[in-house]
Each structure stands twice: as structure tokens, then as C-alpha cells.
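In the part that follows, the structures are each spelled out as C-alpha cells.
One chain, chain A, appears in both complexes that follow, with chain B as partner in the first and chain C in the second.
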Partner chain A sequence: MTNTRNDGRLNNQIRAFESEQSLLNKADGSARFTQNKSSVLAAVYGPIEVKNSRKQKILKSLIEVSFTPSVGNTTYLDKEKELLIKNALESIILTTLHPRTQISIIFQVFSDDGSIISCAINAACLALLDAGIEMQGLIGSVTLCYNHDKSIYLDPTAQEEKECKSLSVIAYGSQSSQIIMNKTEGTLSMDLYFKSLPLSKEACDKVISYIKLAVKNRIMGTISTNTTSTTIES
Partner chain B sequence: MEAFQKIHPLEFYRKFLQRSVRPDGRSLNDIRKTSISTGAITTACGSSFVKIGNTSVICGIRSEVGIPSFENTDQQTNIFVNLELGPICSNIYSSTKPSEQAMSLSSKLNSLVKRLDIPKEDFYFDQEGKVLWYLYVDIYCLDYDGNIMDASILALISSLKNVKLPRGIIENTNEYYKDTEQLRSLQINHYLFPLSFSIIEDFILSDPSNQEEQLSTSNLTITLNENFEICLLSYSGIKPISETILQESFEKLKNRIEYLKSLIDSAQEH
Partner chain C sequence: MNETNNPISEINIEIFSPQKRLKLRHIEKKNENEMEVDTDQDEIYKSRRLMIPGQSIAKEGEYLKGHGTFHFDGNLIASVCGNIERVNKLVSVRAFKSRYNGEIGDIIVGRITEIQGKRWKVDVNARQDYFLMLSAINLPGGIQRRRTSSDELQMRNLFVENDLVYAEVQQIMGDGSVAIHTRNLKYGKLQNGCFLKVPSNLMKRSKMHFHSLDECGVDVILGLNGYIWIADTEQQRKQQAFIQKHERENFDQPLVLPEDHKEITKESRERIARIKNSISLLAEGFMVIHPKSIMQVYKQSIKMALSAKDLLHPEYIRQITTYLSTLPLENDSNLDMHEYPEEQ
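Now for the complex of A and B:
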């Protein structure tokens, strides 16, 4: 396969991961997840008292997500991202353990060079682990973009996201091989969509194994972990 | 029985779902009666009214004339969609600020508009496109009984097909006149066919009602165009979804496409 992408990557090559945990003092857990020029900081507070008592849930804890972009105010597009991230995280956090409480997850984007939702979900997973929130398993997310010539790029940059035909954000858990969250936008044939699922699964597994490595390093005493960029074979 | 439904809604539903039927008499795959009518708002340049069971939305399109800015013209869009879930449709929404759900739906609708491939020339006010039409699509939910996504997508596509724009005349460079005798419609190259599902435990329910949505663990929305291409797929929920369920859902929507197409087309004829 030839390198057709602008940054010299292969179609099925994801950017190198880099992460750092516990970098905030006040937060119960925090982590920064970086994929080359995309970088997100996630902070977790919880379980804490519910701030807005009207939203309190009797049987489970409330998950609150706030997503701040690197520049400008939050728009309705960021609200949509918040909702996607919230839905993905709600499915792995054991919310029934702490009823009538709240778990807040706050994201600050450092720089956005594509795949930002995936980056945020991966950061949240590390931050939740750092905060010691009980979870069913780990979560890994990846973004795919489908081009006009039917090729699929894994982990696209902002430029590639802009030029592509359709974009899909997908999250898998470590527990089963089933989809936790998926949002696909743009015109895309069904065949190509189902063909790309094993690829995204494989990529999410890579993310999850990286998260495991980062946690292991954290326990051993090193705060930050990084890897080289990897190619995904499905 | 009513008390049982109020106190243990999930158990109540489970008793029905195990027999493959829903409390309102539908089977799991049945979709409520859908109706579309257009042109109800005569002051708007396009409008539609969509009813799916008890869910009803009204959609009106307002047109404005504006001079385009010449920066990044590829990214520009001439249609802006806004969805309002006000206190009129359900007691869960307040009038003060738009809910998260409304914002997320609006952004999905805004991305779906781009899938219609409306040619740029259709927005030209004059012949050369120095001045453009901008369309503001406002969708209001009047009655909320679940599946607002499908209703609003159908309202969006049928009201855009209903749009009639007058021919513009520019005199002395900055005097704009509308020739309301000569109306033209937009050239919309694609259709949008939506279908939503709610998953309650292991049961997949097409076209969920409000209570079903509240009890559900996950929600799935698929939108296809007439070539069976995915325009929007969104899945989120507490429980993961398997590939086979996804494939089955696609089949269910494929079977409905012909019917939806005739519904959208026949709504334009009046």
C-alpha cells in the first residue's frame, strides 16, 4: 500500500498516543490524551453532591459532561459532542453504585486536529481510572473517515475530516465486541460501513491495550506514557 | 392495571413485550400512522406538518436575502435549521433555554441538510449569484410522544420540497425587488428516510413512543437516502449493540422506504 495521506501515514495507521495522568491537584482524577496535534485534558470530580437537585436521580448517579473547545465559546455543535461523550461514558460507569450523586467530567481541548471526540473519550477513560470510579470495563474510541474513492482513513486529521465524504465516530468496550456508541454522518454505502466495523474494532482494542499500559506505568510511578504510531490489520 | 403501569412501568412493559406486543396494540415492528401535509403556513415560503401517531411537528421556512462573504465559499451553507422543543409539547421542557436534546437534534438536522445536494445556483437571487437567498428552517414540536427525530427529518425534507422562491431583480446595484409572479422550487437531488428504534432489554421497538423512549436503555436512529446509502447513523445507550441487530434494523428501514417516498411525494401535490 502506498502512503497517500498528507502526513505520510498509511490508510490504516493511527497516530502515536501520548498521555499523562494526575496532572491536576484539585480534581479527583485527570488525564491528558494526545494524538499528535489533537490533545484533550479531562478532569473527573465525583461522586459528589448533585448541584442541580432537580436533575438528581434516585437509583443512579448523574453523569455530567462539559466540553470546552480550544478557541471560542461553546456552540450547539459542542453540545452535541457532550451528549455523545456522555452517552458513551454512561454505558461503562457503574452508575447504580452511588445513587443520588453526581459525577462530573470536564474536558478542555488543547488543540484540535481531528478525531477530537475519540480523543476526549479516551482521555475520559484514563481520567476515570485515575479517579477510581468503578467501571464495567474500559472504553476505547476511534474516528474513521470514508473518502470519495472508497478508501478508509483511520484517525483522520482536521484536514482529512473536512475533505472526506463521511465520518464515523465509534466506541467499543473491553467487555464485548459490540458497539457502545456510534455516530456516522455523510453519505456512505452500507457495504462499506459493515466492512469497516472489524477495522474500527481492532483499532479500539489497540486504544484499550494502550490505556492498560498507561495505567500500569502510572502504578509503577511514571506519570506519562507514549507509544509510536501503529498500523491496524483487520 | 393503570396503577401497575405507573408504579412498575418496566415490569408492565416486559409483560407485554414477552408476548411480542406493545401496550398500545402495536407489534414490535409496527410504526404508527404517519401523515404529512404541506403548505399550511401561507406566509412562509415553504411549510409542512408531520404527524407520527400523537407526535406532531410543524415546520416553516423563512427566506432572507443576503450578500455572501467570499471567504471559504465551499463551507458555506444557505440553509439553517433550528428545532424547538418548547413547553407546549411536553412538561419536561422549559421555555427558558433550549434543551440539550433540542441542540443535538438541531445539529444533526443541519448536517443532514448538506446530504440533499442542492445546487448552489438554486440560491441565486439574481442571475449571477452576487446576492443569495438564505433559508431559515424552524421546526416546532407541538405534541411530544416520542420519535421526534423521524418527525423532524420528514418535516424538513417535505417543507424544503415545498419551498417556492420568487425571482429577484436588482436595480441600481442596491435596490432589490421580488417578482412574486415567477416562483421556482429548489432542486433537491436526494431523499431522506429516517427510522428510529428504542431498545428495551433485548427487545427492539421501531418508532418508540414517549414512554418507551424513557424506559429504553439505548436509542438507534438510521437515515438512508433513496440509494440505500447511510446519511446519518447514531447509536447511543447503556447497552452495546451487535452487528446483526444493526443489519436487521437496516432491513426494516429498507422495507419502509417505498412507503415513505410516496408519502413525501403525495404531500406535495395539493
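Now for the complex of A and C:
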């Protein structure tokens, strides 16, 4: 495979992960997930009493997500991200355990260089682990972009996202390895989409195993939690 | 799965923060005892002590499902990140950091958040606000009678929003809500002191939660929910005497503490600050908080000639936690660590 990407990565190479847990002291759980220039901080508060009692759910806990970009006000695009992330996290958190409570997950983007939704979901997974919230399993997410020449770039930068033909954000769970969330933008042939699924699956597995490693390392304090960038064999 | 022969699982579990790599001495002690009891052919104990959500613990039916676990696809699976605990056949996973979960008889410190009809809502760092019924408090003067609607209107004379209360868990309702009470002379409103919040997992259930640290003249209340109250012994005694006198003589009038009863000397403030930072230091190092460990930090900080504010400098935190981990374990019945997860 030839080197075609601007930052010298291979087509199916993810940027190196870096993470830090428990960096906020007021939140129940917090984590920062960084992939080169994309960096998101997630803070989890909960389960707590529902702030707005009209939103209270009788049979499960309410999940609230708020997403703040690094610059400027939140726009409708951020609202869309909130919804996506919320739906993805709702399916891995065991919400029925604590009815009439609320779990707030707050994201602050430090810097955005593409794949920001994936980055946020991965940060949320680490933050939820830190907060000790019951979950079905872990969640890992990657972004893929499909170019005009039918090549697929894994974990695109902002530049690549802008230039590509279509884009898809995929999240897999560690439990039974099913797709939890998938959002696709732009036109995309069915063939290409199905061809990319094993690739994204493999990449999400890498993310999940990184998250496991990060948690183990933090608790046992042995190895540094930086990885070198990972290549996924398709 | 080669998870079991992963070298990571062989390494001792240490304090969970990259900066503070210290062993929890108290936890080690527990293990020595534990080993004698549990050397049977226990599969789940062998190496997979640290559980991560989605990790399978055992086959369904081999063990009973406790907190932090669930059944899926014929397996018993962990749902939180933490250590395995096992009581006979009951397996649970205890998270390192989680919100407080009340049990009847727990002694807690809480903060009033709201007044609702016949009750106060109290924030206790739990998943829901606990409630304090009007009928579950001692009326001023200790009179016993039915609470009338006029009492309801005067609830703000007793506790207002943001007041701190020292209370005990009375009852856990069917729907998961929890009632607390202050029907004991030692419980009630806390005033003129210092409040501190630490992770509730560091608190240990014991007979006493109110401690008068004689060596420094400071009272501490170690609420099981991780809320801690620190005050000056001398001032609190004076204040208590005044309140009792007031309640005996003219309890129908609102209580106003005279200024000289609120006075805390500079030296005493210094000591309170040092105790507060000692507790924060223990929390930073994720070490068990009890009067003994607090005093160890306190004394060490004096020995090192640190001022109270320097105690929380990362370098001193490291030095003192290192020192604490070298201390021999005392054989103290007060220090039974049955609260703590088994770690390697």
C-alpha cells in the first residue's frame, strides 16, 4: 500500500491514542482522549437526582449529553453530535439499574482535527469507567472516510474529512461485537460500505483493547498509556 | 483467552493514579487473613481480580449474581470496573470509585438541598437525595409530640437550604428512596466548622464516626458517605452548651449564637486546616481515612515542619504517602478492614 495521506500515514492507520483519567476533582468520573490534534475531555456526573423533574424517567435513568466545541457557540451541528453520542452511550449503560436518576456527560473539545465524534465516544467510555457506572461492556468508535478514488481512510483528519466523498462514524461494543452506532454522510456504494465493515470492526477492537490497557495501567500504574499509531490490516 | 497469562495480571495492585504508585498497606493486611480462608480451588480468584465491564467472571449458575454483575449469554459478566468480591457463592464487583450507597444505621453528613412539605431533601453524595422527615428529628427542647401543620410552616427555623446535618440512615423504602433521622442528641445541625468531601469508598464502617482528636483539639465527623466535618473542640463544646441551655429555657425563640461563642483562635484554625489537608492528602493517595491515619499524616507533617498549605504540594503528598506505606501495621481491632476489596 502506498503512502498517500498528507500526514504520512497509511490508509488504514489510526493516529496514536493518548488518554488520562480522573483529571477533574468535582466530577464523578472524567477522562481525556487524544488522537494527535483531536482531543476531547469528557466529564460524567451521576447517577444523581434529576435536575428537571419533568424529564425524569420512571423506569430508567436519564442520560444527558452536552457537547461544547473548542471555539464558538454550540450550533445545530453540535446538537446532532450530542444526539448521536447519547444514543450510542444509552445502549451500553445499564440504565434500568437506577430509575429516576440522571447521568450527565459533558464534553469539552480541546482541539478538533477530525474524527471528533469517535474521539468523544472513546473519552466517554473512559470517563464512565472512572465514574464506576454500570455498563454492559465497553464501547469503541472510529471514523472512516471514503474518497472519490474508492480508497478508504481510517481515522481521517479535518482536512481529509473535508475532501472526502462520504464519511461514516461507527461504534462497536465489546459485548458480542455488534454495531452500536453508525452514521453515514454523503453517497456511498453498498459494496464499499460492506467492504469497510471488517476494517472498522478491527479498528474498534483496537480502540477497546487500548481502553482496557489504559484502565489496567492506571490502576496498576506500570506502563505509560501512550500508544504508537496502530495499523489495521484489512 | 490469554487474558489469564497476561503479565499485567501478575502485578500487585497499587494506588490507582499514575503519580501515586503506592501500595495500600491496609489492604495487604486483609489479604494475609483472606488467603488462609480462600485457598480452595477458586477459579475466579486466580488472576482476574481487576474486572472491566463486559469481562466474563464465570459461567451462569456457578455463582450468584451480586452488585456490579449481570447475566448475559449464559455467563456472569462484570458491569463495573473494579475488584471481585466473593462471599460464599455470591460474587460482586466493587467499583474503585462510585457514589455512596446507604445502609440502615450508617452515620452520614449531608447537606439540605430543598424543603418539600413535611420533609427536607438532603444531598449525601448518593444516587438520589435522601429525605429527612419532619417527624424524624428532635424538636428543640426535646419535647415529644405530633408534628402539626404549624411545625410544617416553621421548618426553615430548624434547617434551611445549604445547612449541614449529621444524621443516621433510618430506612430504605421499596422504591429505593432513603429516609434519614436525627433523633439523637448528638445528631443535628453542624455549624462553625469546616466541610470536606472525599470518595465514599475510602470511609470505613466503624462503631464511632465522631472523633475528638485530643492531640490537636479538633473534632472530626467521618460520614460514611464521604462527607467530613471538622471543627474546633473547644468552640463546639461552648456552642453545644449554649444551644442546650437555650433549648431548655426559651426554645420558642429563634436561636442566635453570640459572637464570642463563634470565635475560633488563629492557632485552632491552623490545626483545622492541617487536619483538613491531611485528610485531602489521604484521599489523594487513595488511602483509608480513619483517625489513626489522619493523625499519622498530621504528626508527620509537623515533623517535616510543613505549613498546612504546603501539605498538598504534589512532592509532599508523594513523600508522606511513601512514609505511610513504610509504617508497620498495628494490630488494632479498630482497624479491621472487612470493608475493603481483596487485592493482591
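Definition applied: the second predicted complex is superposed on the first by the 230 of 234 C-alpha atoms of A that agree within 3 Å, B and C clash if a C-alpha of one lies under 4 Å from a C-alpha of the other, contacts with A are read in each partner's own complex, and residues count from 1 in each chain.
What we mean here is this: contacts are C-beta pairs under 8 Å (C-beta built on N, C-alpha and C of every residue); 3 or more make two chains touch, one makes a residue touch a chain.
What you see is a predicted model; the values in this text were computed from it and never measured.
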Practice problem: Mind working out whether A:Phe194 is in touch with chain B, chain C, both or neither, as first, second, both or neither? | Solution: first
Practice problem: Kindly classify A:Arg218 by the partners it touches after superposition: chain B alone (first), chain C alone (second), both, or neither? | Solution: second
Exercise. Figure out whether A:Leu77 sits in contact with chain B (first) or chain C (second), or with both, or with neither.
Key: first
Exercise. Tell me which partner A:Thr4 touches in the superposition: chain B (first), chain C (second), both or neither.
Key: neither
Exercise. Considering only the touch criterion stated at the top, classify A:Pro99 as touching first (chain B), second (chain C), both, or neither.
Key: second
Quiz prompt | Contacts of A:Glu185 with chain B and chain C, given as first, second, both or neither | solution = first
Exercise. Using the superposition on chain A described above, determine whether A:Ser176 touches chain B (first), chain C (second), both, or neither.
Key: both
Practice problem: Report for A:Ser91: first if it touches chain B alone, second if chain C alone, otherwise both or neither. | Solution: first
Self-check item: Set of chain A residues, in rising order, touched by both chain B and chain C
Solution: 173, 175-176
Quiz prompt | Contacting residues of chain A [partner chain B, same complex] | solution = 76-77, 79-80, 82-84, 87-88, 90-91, 162, 166, 168, 172-173, 175-176, 178-190, 193-194, 197
Quiz item: Tell me, which parts of chain A touch chain C in their complex?
Solution: 22, 28-29, 46-49, 94, 98-101, 129-138, 173-176, 212, 215-222, 225
Quiz item: Inside the complex, what are the residues of chain B that reach chain A?
Solution: 75, 100-101, 103-104, 106-108, 111, 115, 225, 228-243, 246-247, 250
Quiz item: So in the complex, which bits of chain C are touching chain A?
Solution: 8, 11-18, 20-21, 50, 52-54, 68, 70, 72-73, 77, 79-82, 95-99, 121, 123, 127-129, 176
